[in-house]
Amino acid sequence: MALLARGELRSILQTELPNVLDSRWDTQATDQAEAHGEGQTVLLDFDAVVKAEAIVEVAHFVRDKFGYDLLSNITAVDYLNHGIIELVYQFYNAAEAGPDLRVRVRIGRSPEECIVPSLTPTWPGADLQEREAYDMYGVVFPGHPNLARIYMWDEFKGFPMRKDFPKTGDKYTHVTGE
Amino acid sequence: MTLSHLATEDVFVVERNDADFRAGQGMTKGLGIVFRKFRKALFGKPNSDRADTEGQFNVQYPEERLAMPEAYRNMPILLYDDATGHELCTSCFQCERICPPQVIHITQAKDPATGKPVPAAAKFVLEYDTCMSCGYCAEVCPFDAIKMDHDFELSTANHPELDVDYNRLLRPVSYYETIAPTMWSDVKEQAMKKLQNNIKRRPGDIGRDHGQKIKGGAPVAAAATPAAGAAPAAGAAKPRGPVAAIGKNMSEDKTAKLLAIRAANAAKRGGGAADAAPVAQAAPVAEAVAAAPAAASAAPTGPVAAIGQNMSEDKRAKLEAIRAAKRAERGE
Amino acid sequence: MADALTQLGFASWLSVLIASIIKVTLILVGGSVGMMFLTWYERRSISYMQDRRGPNRVGPQGLLQPISEAIKTMTKEDATPRDADKIVHFLAPVVMLGATVLSFAVIPWGRMFPVDLNAAVLFVIATGGLHSIGMMMAGWGSNNKFALLGGMRGVAQLISYEIPQVMAIIPVVLMTGSMSLQKIVEAQNDFAGLGWYVFSPVGLLGFALFFTASLAEGERTPFDIPEADSEIIAGYMTEYSGMKFAVFYLSNYMSNLAVCFVTATLYLGGGNGPGVDALGGIAGGLLSLVYFLLKSFALFFVMVLIRATVPRLRVDQLMSFAWKFLLPLVLVNILSASFWVALLRWDQQWPQLTEWFGAPSTADATNWGRLAIAIVLTLLINAGAVALIMRLTNRNVQKHLYTTDEELALGLS
Amino acid sequence: MLKTEELQINIGPQHPSTHGVFRMLVTVDGETLVDLKPVFGYLHRNHEQLGEVNTYLQNMPFTDRLDYFNSMVNNHAYARTIETLAGVEVPERAQYIRVIMDELSRILNHATAMGFMLGDMGAWQTALLWGMREREKILDMFEYVSGARMMCNYCRFGGVVRDIDDWFITELKKLMQGLPHYFDDFEGLLLNSEILLARARNIGVLPKDLALAYSVTGPVLRGSGVAYDIRKAEPYAVYDRFKFKVPVGTVGDVYDRFLVRIAEMRESYKILEQALEQLPDATGGFINPKVKQQSLKAPAGEAYARVESPKGELGFYVVSDGTGSAYRYKVRAPSFINLSALADMCKGYTIADVVVILGSIDIVMGEVDR
């Protein structure tokens, strides 16, 4: 039960759960923020980037091993240039307080790849947030008890927060990211 | 659960009154407090101060009004100089750029002789219905030309009327001085200096040809001059605190206000559509002279009368034209 | 009145008819004007409790506000849901208002009695009971789930609270020996018009119980469950609008007014008060009317005060309050009332008492010794019962009676 | 055994006590609740997309519209996020002013939220209107400094838009004279009322472990007995300089949340007292003059900053691509996530309890639907 510094989880996972880290992002430098010009998104990975199918395992690992029991925030980000959607899970340690622990999952944008196992069975607080990610970004969460649209109406087509969703024109007829 | 980040003295457990014997004493206490409130509200003095928690505290709105704090922001207005009739706006597009809901539309004036841009706006349209009153336009304006008005009684049954054009946005500087004396005195000097510089670069009537300021060749400036003198006095009389007058009897203010409204209405009825506006425009001036001590809240009435007029069809057409031009500019 | 008209030369049937029409008109006008005043009175006083002003625009001090609202509701569209049972939906407000107006027939206005029925108490209770039919009709006929819930809640509540309400009157009937409201008022005229039942231990407890049960009968906070606006919108009135809604509203407030009138008559001596007998005649009648209205509106003020203070109970809590708290106390009160009457009136049965304290006259007030014994005895019984029931319904005791927190939550704390 | 039929009822979107356009699809057996499904989105305006289109400064007034009771807190959280992202220093006086505004917001929010909850319970608006009176007084002061009562738009990157002056401080002191009387009246009115105890005790119980699993924050989490307050756990602004306590409940029912909120108002009062005492003079300025507000650009990267909003943890997650507007802008709205616990809290209680439990979570639909 101890607080982890930023990036510490990555090295811990490498030794303790070697299979969960997403190998695609192993070779990246830790912080590339300075290297990019204006208008360029950067993928920060001093936090652990784990495989989509391992997120449940990692979430349990950080909760049971380090006391990060408060899953505060799930954010989906559409990195159009890199062709991925990133899910950022932010955990807090309610007993020790301190800053958050971020665990990332990077998945493709196509419907076949855009799948992450749901955390809702263990963290019911993820319920609405996962529905929001599904509604806005089209991330599918197998294992979610009620994965339906949350803000948009059920007949709506497309995922409005994706970067390639048209922002002008008759947006109700466009179909994107299906 | 261990709470290692919190010292034990930083946490306390709320008392749930588990051990009490309940025989209605809690309810009786509540009834007693409510009855005390009833007694105080019925017989005591009204709530007049922020420290008071007893006595009536509501304001009888149309008759009694709270004085607006200077910083209060409702809808943007544009200022013009009383003496010369020149508008302060130079169409620098700062406000149009910052506006979060993008409701400001400006067209820069051009010198008819040379075709070169002139530091004045030819058209200035503001969509009051979509404005979110954030005040950024007034904040960023380098010439202090756009300010936030205190008038909030803008409801109308005619929705298109809320696309307000230059003529109806203009207010004299003396009016703004009455509603926000200190805020204006902070910026007055540099604003006027910048205006004088800009006037030099405006050929002919460009920059003062909006509204009815100079209709018929006689600038309203003549009538406005006394107001410039009277306004500071009126401003000084204005209470600085926003709630200084809570619950007080405001009969003097009230009567002044009523008179002003009646005068404005009479002016509207008396003059035709074309003539009404100048009279209404002059109303604040007349009031400022007539009721200088009480004018602080009464002054805004005049320009309101001007807003109240129906927006004509061609104004809407103008707005459409401006929007179309914008779209063309963006190359859509 | 009919006699007076006959003396003026009218035919006897005509004079009865005219007298009846006048009375009916007076009752209807008095009831609805009283209701209008009541709404204004409630809103003004509750707003003073909440540090605001309340309606003060229409007429002097806003007194004409109810009239403007009556006009407003009457001119509004009268909408009936498409799938509603139209006849039932239409009849429900009629039944409600009819039942309420009927009860006004026997309620005395000071010393003026529209009708002196020898079973007036029963009549008042019976007409109050008709409300549940109106509620169920409205709830069922509206074809709306909220209305249905409201109707069900209303019927359940009214039926449960009628029992303590009726039984709370029994002591009064016992003490008076009559069910006529006129007799009850006359019996409270001792001690220069101050011999009200509320000053005796039996009457005090009876008053509290009857008033509480009447709050539930009149759907007042904390028992406004059938029309709990934050839960089931407006309960059985959800689908009513315009004139029909106004009729419900009218009947609600008129029944509240009736409750206040009846309580004032039963326990607070009706129109009795110092000086009424001394003045006599028309002046005395008017004074008694003033006393009566003062008492009634003071009672209504208590209703308003309660409404401004407390939240409402839940349905199950309401029921357990009726059956576990009110009913036992009412039974105990009947017992002590029997003792009271036995001590003060049944001297034939207990001759020793006659020997000790002398033969009782019709005015019990003169038998100080008996009165003292009766007061002490009933006070002991009633106070003991209240303490015991409070103790039993207290949360800490319940902790031992109930096993889990969930059950505890459902009980009365 | 009699067969009973279950009834499905829509509570909302037009309903007196759903606090906005919010729908609860409840299945009831008689009056007892079998299932509850929250349905929302009626107020959805894609706030997060607006945040990606607007420049950083332009987005500030939109944050006012999230939780419109506490626009000051929203501004603070957003400004803090962008300050973290762009590395902006904030003068000390501005930090104190922000704390004062936050705590005033907390008082007004809890006063009205508890009033609304009691209103849902059937206490006919008395507690609500007393709370509204205090709220009016505070809103007048907000209007004085920021220009608007509710949509304050008060914070800027590196400070606040206008300094507080003597008038404000005098009025704040006057307000604070009156507040304890209000607290006492409010507690006396209902805290021990038998009917309130019957309605609030052991209703909507959310045990400690479940509360953590549901990610609830703020008074709901503290009512369940977890002493987690961001002002203590990760002190921001100048909160580490004040002495105040974190009230926690024991059972996690409606009554505990009610008590925690009242206790928090009193703690906020203590913080206000200390903040007024420690408030630095105006020499340090109230805004960082070096920040280019309109053309602020943040280096590519991401930032998450959170504050303890009266409703819970309010955080903004902003990803920057180095331009003047956010690449991704996400709001971690406390009402939204606290709402996920609603169904579990309500099951097994009656319809009358559902509205009270909803009131005790204290949601604002502007924030839930975003």
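General observations
Chains here go by letter, A, B, C and D, matching the order in which they are written, and residues are numbered from 1 within each.
Methods note: a residue touches a chain if its C-beta (ideal position, glycine included) is under 8 Å from a C-beta of that chain, and two chains touch if they have at least 3 such contacts.
What you see is a predicted model, and the numbers here were worked out from it, not measured in a lab.
Traced through touching neighbours, the fewest hops from subunit A to subunit C number 2.
Across every pairing of chains, the maximum count of C-beta contacts belongs to B-D.
Computed from the mean C-alpha positions, the centre of subunit C lies at a distance of 45 Å from the centre of subunit D. Centre-to-centre separation of subunit A and subunit D, using mean CA positions: 26 Å.
With centres set at the average Cα position, the gap from subunit B to subunit C is 55 Å. Residue positions 49-52, 308-310, 395, 413 of subunit C are each in touch with at least two other chains.
Shown for subunit A are the residues in touch with two or more other chains, namely 94, 97-98. With touch defined as above, residues shared between interfaces to two or more other chains in subunit B number as follows: 1, 3, 5-6, 22, 27, 30, 34, 37, 47, 54, 57.
On subunit B, the positions that touch subunit C within their shared complex are 18-19, 21-23, 27, 30-31, 34-35, 37-38, 41-42, 47, 54-58, 60. Considering their complex, residues 37, 40-41, 44, 46, 48-49, 53, 212-217, 226, 228, 232-234, 297, 299-302, 304, 313, 315, 317, 319, 321-323, 327-328, 330, 332, 336-337, 339-341, 344, 369-370 of subunit D touch subunit A.
Here subunit D touches subunit C in the complex through residues 7, 9, 15-17, 31, 118-126, 129-130, 133, 189-190, 193-199, 201-203, 205, 348, 350-355, going by the rule given at the top.
If you check the complex, the residues on subunit B that touch subunit D are 1, 3, 5-6, 9-17, 20, 22, 24-27, 29-30, 33-34, 37, 47, 49-54, 57, 66, 69, 71-73, 97-100, 132-136, 139-140, 148, 240-243. Subunit A makes touch with subunit D in their complex at residues 33-34, 36-42, 44, 69-73, 75, 77-78, 88, 90, 92, 94, 97-100, 122-129, 136, 146, 149-153, 160-161, 167.
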